[in-house]
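Structures for review follow.
Each of the two complexes below includes chain A, the first together with chain B, the second together with chain C.
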Partner chain A sequence: MSATKISELSWFHDFPPFFTLQPNLDTRRKQLDAWCSLILDYCRMKKVCTFDVNDASKFPPFFNAKINRQLDSNFIQVILEELRSRGNIEWEDKSKRRCLVLWKSPEEWAKTIYQWITAHGMNGTVCTFYELLHGDDTRSAEFHNIDPQLFRRVLGELEKRGQATVFADNGTEGVKFS
Partner chain B sequence: MGNVFGKKSKPPKQPAITEQDRAILQLKQQRDRLTQNRRRIESQLEREREVAKQLLKNGQKDRALLLLRKKKMLESQLDKSENILENVERMTHDLEFAQVQVDVVHSLKQGNDALKKMNELLKLEDIEKLMEDSREAVEYQNEVSNLLSGGLSRVDEEDVEAELDELIRREESADISRLPDIPHHREQRPVVSPTRTKQRVAIEAD
Partner chain C sequence: MADRLAWTDGQLHMGETIITTQTGVSIYDGSDKTDYQKGFITLTTNRIIWKDNSAQMELPLSVIIFSEKKDASFTSKARLICAVSRGQESKRPGPFASSRHDEIQFEFRDGGCNDFLRLIQEELVKKRWLLQAIKPTAATTTTSDRTHRAGISGIESHIQHQLNTQQQSISSAFQDLNKLMQQAKEMVTISKTITNKIQEKRSDLTSDETIRFRSYLLSLGIDNPVTKESAGSQYHVSLARELASVLEKALKDTNGIMTLSDAFCRINRARGYELISPDDLLNAAVHMEELDLPVRLRVLSSGIKSFELTNRNEKKDLQEITELVKTMKSMSADQLANTLGIPVIVARERLTTAEANGSLCRDDSIEGLRFYPNLF
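Moving on to the complex of A and B:
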């Protein structure tokens, strides 16, 4: 099902040379551009917020069974590095195995969440992470069911702006919005 | 509000966390747990209904009955947790609302204090004197403007009348030169137009 969706995102996913790193620098630039936008589009479509290098071979955009092609780990590293330099991924650990996928920058996420909070008159109230991420009220919100790691990252952004305070009580965390 | 347990004081001020906030967080956590519990039971019920149907189809009536009994038990549990959830939610709302009320009372008190301070700045005698002074000033101002406007309007009046006279005179002379020729008695000329012009002139002169 996801494969058909990917082919809707880009036609070159069915184009065999797309899966080989191009030697010509100009071509390679275009190829990397295309890969980056394909990955971000895919993650946005599927609401994928994290990526684990160990699972790279299972990540649908990285292979295409129809034309029997898949990316080698070297090419994947090149793409990830490209995405990182564009600020679209952030490594979560030093060994660069896990990363956040930011098809929306933390600043944009912070704005989205704060706008939602304001629209629902929840300024000054305390919320649990669970109710914001999985509650019935946020079902139509864009940040519903996003990855908790990403959510933490965005809350950090809101804290920097003084729009939220994250605090813990009895081990479970909550956030208070201003 | 008294007890403020702000965690960090970074340059942009983050909202401070109070004891009440912690209490609310606890309640909301409890609510989340109950919600999770409800979701779990609901999905379990759904599954069990499916299985019972399947069992009936296979003719395993006893097991289906057993399953339905379990389902009944789960349903009553669901009811109970629903009630608890309601209690918890009501408590949370009460707490949040009480906090709002405390805030309101606090700001009303502050407003009252500020008002008192402002009132202390104003002494009644001072105000009376001030009002007296300003009344005198207004009267004086009125007199001055009366004098001025009276003089001005008389001059204006004369100007306007002179202009009006001038206008009427000019209109009349124009009227005379525009009169039609005396009609020949044989032709039945329409006599309407000159009268009309005259009427128009009269209106304009008015």
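Moving on to the complex of A and C:
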């Protein structure tokens, strides 16, 4: 991803009607499509893995100072609900304040990680979360620096398949891939 | 002041109600004994009525300044003392021609003085006789000195007051309207005399001037307006035809659409006198469709009624607007109204239609509602 600005991800971001929930249902569908892809592209670019509704007003895609527009909370809820129905976010709490952003589905993530481990011959080795997420070896991997919560969620997926075992020791969390 | 007592037939007035009654009550003029002993006393919202077998008399509550109790003594039972004002009203015939005392005393031989005193004092505070006094004599005499008070009676009197003022303003408004009609008639007469004069002096004026003069006159009014008298049962149908012929040209100027209220103003200005009512306009408008006229009534989705040319092409209109918005990049209803010369409400209607159609989309911000080409 070469883009660094939101407006490069989607030119819609500079289009004022983009920030008004469209009453025409056909138009609204297309508008929400555009919003979902913009948010996922942005999160992929910035490696944003969690989203807190309380900080929604600081989330860069949700406002555009250049054209002086921002989303109201109602519209944000509509977008989040749309993302959830598409399986692109998962709520972490019942009150729906925090969520994981899945620009890749957990299954895809699991596959990616397992492939990387296998390619580097690390099956059977015990690794700490820290070295996998922030270590020098994984710098080139896509999962480098992703949110630990998302990482745990993906390892849960691998555990289900019997491809990894997660354990904790003295507060340090580790994983062994099989 | 026993001379304030007046003969009565004992009938209750409109709206008057009985509060309490007591037997064995004697009347004293001041402390002087009178002939009226051991009678039957009644307290109503308006007055005190005393009667025995031979006489009936009343004391209006409005003349009582205050009342108090004189306790029982060796010589008399408990007495109710009513201080009475001299008042300016002419004296009505009563049992006493004159009196040198300022008060009337009622002696309660059979008791009940305390209750009576309490109730009469309540009534003196409520002053309910004032309310009832309004009804028979209409609003003119009492409105000025009446005060609004709390409670249901207060609300009732307030409503009554409002009704009166409304009635007055309505009747004065109609007077104005009549005057207007009369003046309009004069205007038309003047314009007719001018026309006649022009015809007489045709040779003196150049043809150009005559034409200009005539166009002024035409813009003032319609020569022979359709009225209820001249058309009878066909009134609305004929009116519809007249409306169509007048509005057709106007509609062409205003982009093929005009709200009912605008049309109403234009029609009545064109008629000058024999004005039509909004109801007539609406009734006539309903007939337009069946008469196959070049103008028809249309109810916009917002509920606004408007006239439009029958040959107006909706699709073409929407396309035009979409194109216009495209060239302007974005537009508010205001701007569109100014550009096309149509009412804002109609402009807004068209923009939302185009939006529902999917050709426009909206931007609703603190700066107002604007419409953009639908790029989604």
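Operating definition for what follows: the second predicted complex is superposed on the first by the 174 of 178 C-alpha atoms of A that agree within 3 Å, B and C clash if a C-alpha of one lies under 4 Å from a C-alpha of the other, contacts with A are read in each partner's own complex, and residues count from 1 in each chain.
Everything below uses one rule, namely that a residue touches a chain if its C-beta (ideal position, glycine included) is under 8 Å from a C-beta of that chain, and two chains touch if they have at least 3 such contacts.
What you are looking at is a predicted structure, and each value in this text was computed from that prediction instead of being measured.
Peer 1: Applying the touch criterion given at the start, work out whether A:77 contacts chain B, chain C, both or neither, answering first, second, both or neither.
Peer 2: The answer is neither, since A:77 touches no partner chain.
Peer 1: Just chain B (first), just chain C (second), both, or neither: which does A:15 touch?
Peer 2: In the superposed model, A:15 contacts chain C only, not chain B.
Peer 1: Between chain C and chain B, which one touches more residues of chain A when both complexes sit on the common chain A?
Peer 2: B
Peer 1: For A:30, select first, second, both or neither according to whether it touches chain B, chain C, the two together, or no partner.
Peer 2: Only chain C; A:30 stays clear of chain B.
Peer 1: Which partner does A:50 contact after superposing on A: first (chain B), second (chain C), both, neither?
Peer 2: Once the two structures are laid over each other on A, A:50 reaches no partner at all.
Peer 1: Could you tell me if A:159 is touching chain B, chain C, both of them or neither one (first, second, both, neither)?
Peer 2: In the superposed model, A:159 contacts chain B only, not chain C.
Peer 1: Between chain B (first) and chain C (second), which does A:145 come into contact with in this model arrangement: first, second, both, or neither?
Peer 2: In the superposition, A:145 contacts neither chain B nor chain C.
Peer 1: Which residues, counting only chain A, touch chain C once they are in their complex?
Peer 2: Touching chain C from chain A are residues 12, 15-17, 19-20, 22-24, 26-27, 30-31, 34, 68-69.
Peer 1: Going by the contact rule set out above, which residues of chain B touch chain A in the complex?
Peer 2: 6-7, 10-17, 21-22, 24-26, 28-29, 31-32, 35-36, 96
Peer 1: Would you mind writing out the residues of chain C in touch with chain A in their complex?
Peer 2: Spelled out, the residues of chain C in touch with chain A are 330, 355-356, 358, 361-365, 367, 370, 372, 374-376.
Peer 1: Which residues of chain A touch chain B once you look at their complex with the stated criterion?
Peer 2: Checking each residue of chain A against chain B gives 124-128, 130-131, 135, 159-165, 167, 169-170, 172, 174, 176-178.
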